[in-house]
Structures are given as C-alpha cells and as structure tokens.
C-alpha cells in the first residue's frame, strides 16, 4: 500500500466548500488514467473509466469536519460555525489551521489558532455558543489582515502513520485514497466506472446529492469511514464493527439500508478473493449512501467502510490493515461485472 | 362621564375614583354600586443602552402571557412596542422547558436609547395593545374586561334608571387601583359612606383546566356571590330580585376572601352592607379576557331591579330581615 | 402597501393559496409565464426569451402557525403546531380557517396558578382556541379538524424605521421578488415562490427540479438577535445594517466567489450589507444547491427580530436595501456574463 500517498491525501486541508487542494491532488493522480474528468458546480470531481457494462459509481468525499469564521470581535477573537457532526467536547481546546483566506502574499504561511471556551460559572451550561478561536490577534483590525468573515479552517494535527495505524484530522479521506488507488491500479473494467470525489459531505451531503444526479449511475458503492464499536463504551459494543477485522460491508446506517443484491455481491467478491471483511450496522451515523440510494428514482447502493475510532473527533484513528483490505476489495469490485444485481 | 347622560352628577374624589350620584328624596338612604376601572399593566423600570425597556408588573400577571405581545407605552406620547422572545439559537433545551421570567424580557420600541429617552421615562405605564374582538354568542374578548365589563354593567343600570325617581341616593363608583391592592374602593366607600354597596367584578369562569365546581359559567347570567365578604341579606335580596324579574343568574360561593372591592368596602368606615355580583370572565388577567355581553346586560338589569325593589323601603329594616 | 397585503394574508404550510393569489395578481402583467406546480409552488418567468445568464429568485410563501386537531366537548379547538415555540402562544388572537373565524388562545387566571406552575413553559397540548362556541356541535358548524389557525397581527410601522407584522419570514422575500418582476429589467429571471418551507423545505424540493438557472438567489427573513443584552457575537444580524449575506447554514455553503461578487456590488453601489453570522438553520437554498447536478446559490435576507412570532420586527431600510442590492446584483451578474467576464 502506498503509505506516502495515504499520508498526503489525509494530510491536506479540505474544509467543506474549500476542497481545492484535494481536488487538485485527485485530478493530478487521475488525469493520465481516466478517460474523462470533470469538476461539477459544487466542486466534486467525477472521473470516468469507460466500460461497456452498467454505470457503476464509486463515491467518496474530499472534505472534512471544518469551521467557518462568522464574526471577529473588537479584540480580535473569532467566532465560528462548524460543518460536520462535531460535539462541544470534541471542539473545545483543539488547535485549528486556517485555509489561506483571503489569498495574499503574507498569508501563504500556515496560520493556526486555538478553540477556547468562555469562562462559565456553571460548567454544565457551557455549549457551542461559548466557544471562540484565538489566533493571537489583539484587535479586529489586526485579525482582518489575516482572516476574513467566511474564512475556513480545519482541525490542526499532524497525519501520523506508523506500522499499524493512521491518525489524521483528514482520515475521512481514506475513502478518497482507496478510490484514487483503485482507479490507478485497475485494468480495463467490464463496467462503465465513475469515480466520484464529492465536495461538501459535511454540509448535509450536498456534493453527493448533486453528483449522483450528474452521473446517474445504475449502481453505487460508497466508500467512507464507519464508527468502530469496540471502544470502551458498553452502550455501543453490541454493534458489530471492530477495527482490525477488515473492510466493513455496509448493511445499514441511519441514512440507508443497503440493497441486498449489492451486499451479497460485495460479500461474494470478498470471499472469492480472500479479502477480510466484516459487516457494518451503525445506528447514529450517516453516509453518502443515504442521499445516493434515494436519488434519481432509486439507485441500488452498497458501501464499503473503513472502521475508525473517534470518527467525529479532531483525531480519528484507523488501522492500516483495514484500509488495505478495503482497497483490495475496491479493486476486485471495480473489475467484476455488476450484472443482474437487482 | 358617560354617567352624566343618565342624570348623574359626576365627580372625582381625592383618590381618583370617579363617583356619579343620582340624588334621591330627602331622608332616603345611600346605595352604592362599584366596579373598578383600572387594569393590570406593566411599568417601565429601565431604558437600556440599546433602547429596550425593562419593566415590572403592576397587578397580578402570569409572565407566560406576556411574550410576543404588542404593548403601548404611555410615555410623553403613546409609543408602540413589542415584547419579543430571543431566537432559538440562544435558547438551550433546558431553557425551552421553562417560562421566560419578566427579568429576561424587554420591550422593543424600535428606538435607540437617545431616541427613546425624550419619549419614555422610568415609571411610565405600559398596557397590552389589543383590539377587543367579538366571538360567537355575543362574547367579547380583549384586555381589561376585568373590570371594564363591571363598569359597563353600572352604566347599564344607570341607563335603566334614567327616568326613575329613586328615593335613596344612588352612587355609581368607578374605583381606582384595585389591581394594585384594592386601594381606591376603601377611599370611595369612606367618602360615600353608603348603607348598602353592591360590587360588580369579574369572576373565574369555567375554561379548559378549571372545572364547573371551581368556576361559574359564561352566558349563564351574572353570579350572585355569597360568603363572608358579603352581607347575607343583600345576597338574598339580589337573588329574590333576579328570580322575581326572571333574570338568568347563578350563584358564586366565595368561602374565603373575594379579592374584589367588596372585601374592603365591607369594612370601610363604620362598615357597609355589601353584595357582590361576579361577572363570569374567562382567562382573567390576560389580554384575551372573555365575557358574555348578555351577562353584562343582565347584571345591569339586576342592579336596576334591585334599586327598584329597595325603593321606599327603610334600608335598616331590609338588613334586619 | 404590498408588504402589508402579503403579511396580512394567511398561508400556513399546505394552505398557501391566499398568499399565492396576492402574488399572482401582482406579477401577472409583468411576466411571460406563470404556473402553479403540483406542490403548489408558483413559478414565473420574466423575459423568457432574453439571452444571457439566467438567475432564479426564490422565496417561500408559507408561515408558521397552528392547526386544529379537533373540537372538545365544550366547543374549544385543540391545536398542534410545527415550528412555533409554544411559549409565545398564551393570550393571543388567531383567525381560524378560510372564513377567518376569530378566536383567542386562553390561559388560566393568574390567581389560580402556583408560582412553580408559572415557571414552566406553556405546552401546545394544554392550550386551546376559544371561538366562543358553547358546544362541540356549534363549533363544528364553523371549524373542522385540519383547519389552520393563523396569528392575527396587523402590519404596522413604529419606532425609527421599524415594521411589525406576522410572517415577515418570508413575505419580505416574496415582496423583494415581486418588486424585481415589476421592474423593467431586460434580463431573463425566474421567480419561484415555494410552499412548505417551514415544515422541512418541502416545496422547494420539487421546485428545484424544475429550475435550470445559472445562479439561484434565495431571499429570506432571517434571525436577528440584536436585542436587549445579547452580546455582539451572538446577534447573527443587526437591524439597519442592510441585507444579510449568508455564509453557510446546516444544508448549504454559499460560495465565496458569489459572496464576494455580491459584496462588491453592494460596495460599488453604496448599499449597506452585513453577513449572516451563524451556521445555524436551513433554507430552500439546500434544494437548489444540490438539485440536478448542483448550482451555486446566494442567500440574502432581511434581519427579522422575533421571527416565527406574531410580532416580528424588521427595519424598513434593510428591506429596501435588500431589494436594491438584489436588483443591482442581477444587473452586474448579467453584465459580466454570469461573473464570467469579471475583471
């Protein structure tokens, strides 16, 4: 597995609606292997590898949980809104890195800040509205030289890969890594393959809603993370996903119940090729498969998920072995005819 | 001043009560009918730096009936305002379960502090702005029908008696400051010093959440109250009068304090033989108080028939019977 | 006044025909085509044949209010609501159904409640509408379950430049669009007046699939918390500072390129404007943003205090400036060939 590429893709910063860096990277990777590449109005990348068979869409997303600055106070502190399912406790105290916005010479340097909380007497009462960002400014005027209202930022944090795992604020893009590698590595496909790298997952899946209409696929397989249920929280341990048990074939999450034809097809493909798999049943987790399967009069959809811990936090973790199994599965799937699945 | 149309001499006493008198013959007794003319309201307590007005209530009021109301601030001129609710993004789920306290409300008059200050001062009175509307069955709904409806009953009585030669002196008192602690009635009763006084005030009418045994009913006639705040003989005369004249009525038992003008008129000066007519009214002390106009008219008729029934009678003897 | 007529007509979700009628009469003479779709959305096109970029303007016609669930044995109407904080309901007047039967929402007398009780929020299920009927039968002759009850609130001007009315969200948007359609602009403009925004952006989920525009401008009445004691950073918008340009909300991100273009238009024309400083809420933009392959959207809104109540308050100047900025931006967008010829 190309760990260098994994590190690169996950390590980029791609707040929702500001996915440019990842978009450029993906286009660069695929420009020589795809028959067609286009960028849709929301900024999603749609790469096609032509085939004679049915239209099969492999979808993932490029963005990550992110923040938008919406107010700068007179002392230079920033207030923000968040995009993505982020809880107060996950945000408070974290470090953030700003996208270079507005563009300008002095801003090419990376700017970081810290999310802090107002002092609240009753600590139980502290909530999102009490959080602010401190980027070391001392006045509104000073702040405005570096950041504009509408500016974007993401959690700061080094993308760490050791022999076993990856920790990264952009871990959600492990799906994008799998798709890019699959598109590059696959030989000719019996399917008309569309590799879709969606923008704006964290804004109610806006990118996926738009691109599924454009691609109009016969089948879809969505690649994303899934919450691993093996964490020390007895309430969720009855659910099946375990980090280290391989790629997770999505049966359901709170946004979709996958098409049985696709579930079986993916499972059979894994078995035939000795890919280690498990099944995903998630309760309070949504994925791009949700809006995709109800689009265009119904798109039979399945999913391949990478188990991850701390999925809605600044520093999610996944095991490399699971990413590797997902990649193998994706590659086999891409080259197998999606026939008579429904 | 409406009372002047009905051959009454109208004056105001030193407390601010309006007292209309229709003199009887020399040597007669004194009859007084009273209803309060004030209403619950609010008072400006502060003008904040954004021009919003903080306020405190005058008279008993449930804070839950104030949100999203339109108000008139009776300042140098009448100033329109609204009592707003803060938007949901500033309201936690916990807060949503609680009512908003008056301390957290403010009146928005659409002016900045500089613009507001020449118009409004601390201490200005604020009332809810509400057009009185008609509902089915001759019901009337609006603010301050407690006890404007009672004053209307007094006027109805005066109208009925305009050509009547009463032997006793008749006093119609529109009392002040009832909601602030039944204050005006004490002065009015002292000044008039009547032998008998019948008070007309609002009584709790049946509504969702109040059963028939804790309330009187709208449209079923004025309720003649009975209890310690009422001289039993007056209750009896009122009841007999209603029966004899076929005026629809009901009985309102008030075993404790009535919290009406009757409560203090009874013990004013040398004491007054007091009766009480409760006008059935729903949603008391809100801006959608609802009464039946039929009940109001009937109450006026009852008072005029009551007056006629006492004519030429020695009031002391009435009370002894 | 147009806005008075719009705010004083009733249009609860699913019952927008009253408002739609007012709008149709206003725009009929100024558009090339006009139709009502299966969801009740009103879609009109001005200068259908004009070449050049195509902008669609969107606003919603519906407003929050109450629905009659049934009539109890004493003739009171029991109600349900969607999108109304029940704390604002006690002691209000309403108009029930098409025949606008007046009614009041009563409340227990103050003296018969305990202090503990008064500290609790009112609940919709404990409230009812009194139309003055004494029996169930009597009420049933006038009202039936399913009828809506709209707030009874008069449009009025007060304070310095303020307007109080119900349903400013989103009759202000409707009024801005009507103003544009009535102007003599030569550009192709679609106007979409949506139903059922308040119950989950439902009208626009159908209308968005029928609109193929280069850019959608969604016009709204939005949250404004510039009220007593609210710190500056939580106010979202401030009255008198002009139209609020959306940044992002739960379901849409408003692209920087278009945000900046509209900001430039405002500055070039000396029109005040501000940002909508929150990421909360969702509007019909969501559907236009993601429909058939995705389209850029801009959100412009008039700041409204006490939104979703019978006494919403706006600043007349913000409303006028929203109309002015929308018009200037349409012009700019067309003159730059859809921002394509920007310098």
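Labels for the chains are A, B and C, by order of writing; each one numbers its residues from 1.
Throughout what follows, a residue touches a chain if its C-beta (ideal position, glycine included) is under 8 Å from a C-beta of that chain, and two chains touch if they have at least 3 such contacts.
Since we're looking at a predicted model, the values are computed, not measured.
Chain C has its Cα centroid nearest to the centroid of all protein Cα atoms in the structure. Ranking B-C and A-B by contacting C-beta pairs places B-C first. Chain centres here are Cα averages; for chain A and chain C they lie 34 Å apart.
If you average the CA atoms of chain B and of chain C, the two centres end up 41 Å from each other. Note on chain placement: the centre of chain A and the centre of chain B lie 67 Å apart, centres being C-alpha means. In chain B, 89-90 are the positions where the chain touches two or more neighbouring chains simultaneously.
Contact of a single residue of chain C with at least two other chains is seen at positions 234, 278, 280. Touching of two or more other chains is recorded for residues 129 of chain A.
Within the complex formed with chain A, the residues of chain B that make contact are 89-90, 92. Those residues of chain C that touch chain B in the complex are listed here as 72, 74, 76, 85, 87-88, 90-93, 102-113, 118-122, 126, 128, 130-134, 138, 142, 153, 156, 158-162, 164, 223-230, 234, 236, 278, 280-281, 305-307, 309-311, 313.
Put simply, chain C touches chain A in their complex at residues 232-234, 247-248, 250-253, 255-256, 259, 275-280, 282, 286, 289-296. Considering their complex, residues 125, 127, 129 of chain A touch chain B. Residues 48, 50, 52, 54, 60-65, 67-70, 79-90, 96-101, 106, 108-112, 115, 130-131, 133-137, 139, 141, 204, 206-210, 214, 218-219, 259, 282-288, 290 of chain B are the ones touching chain C in the complex.
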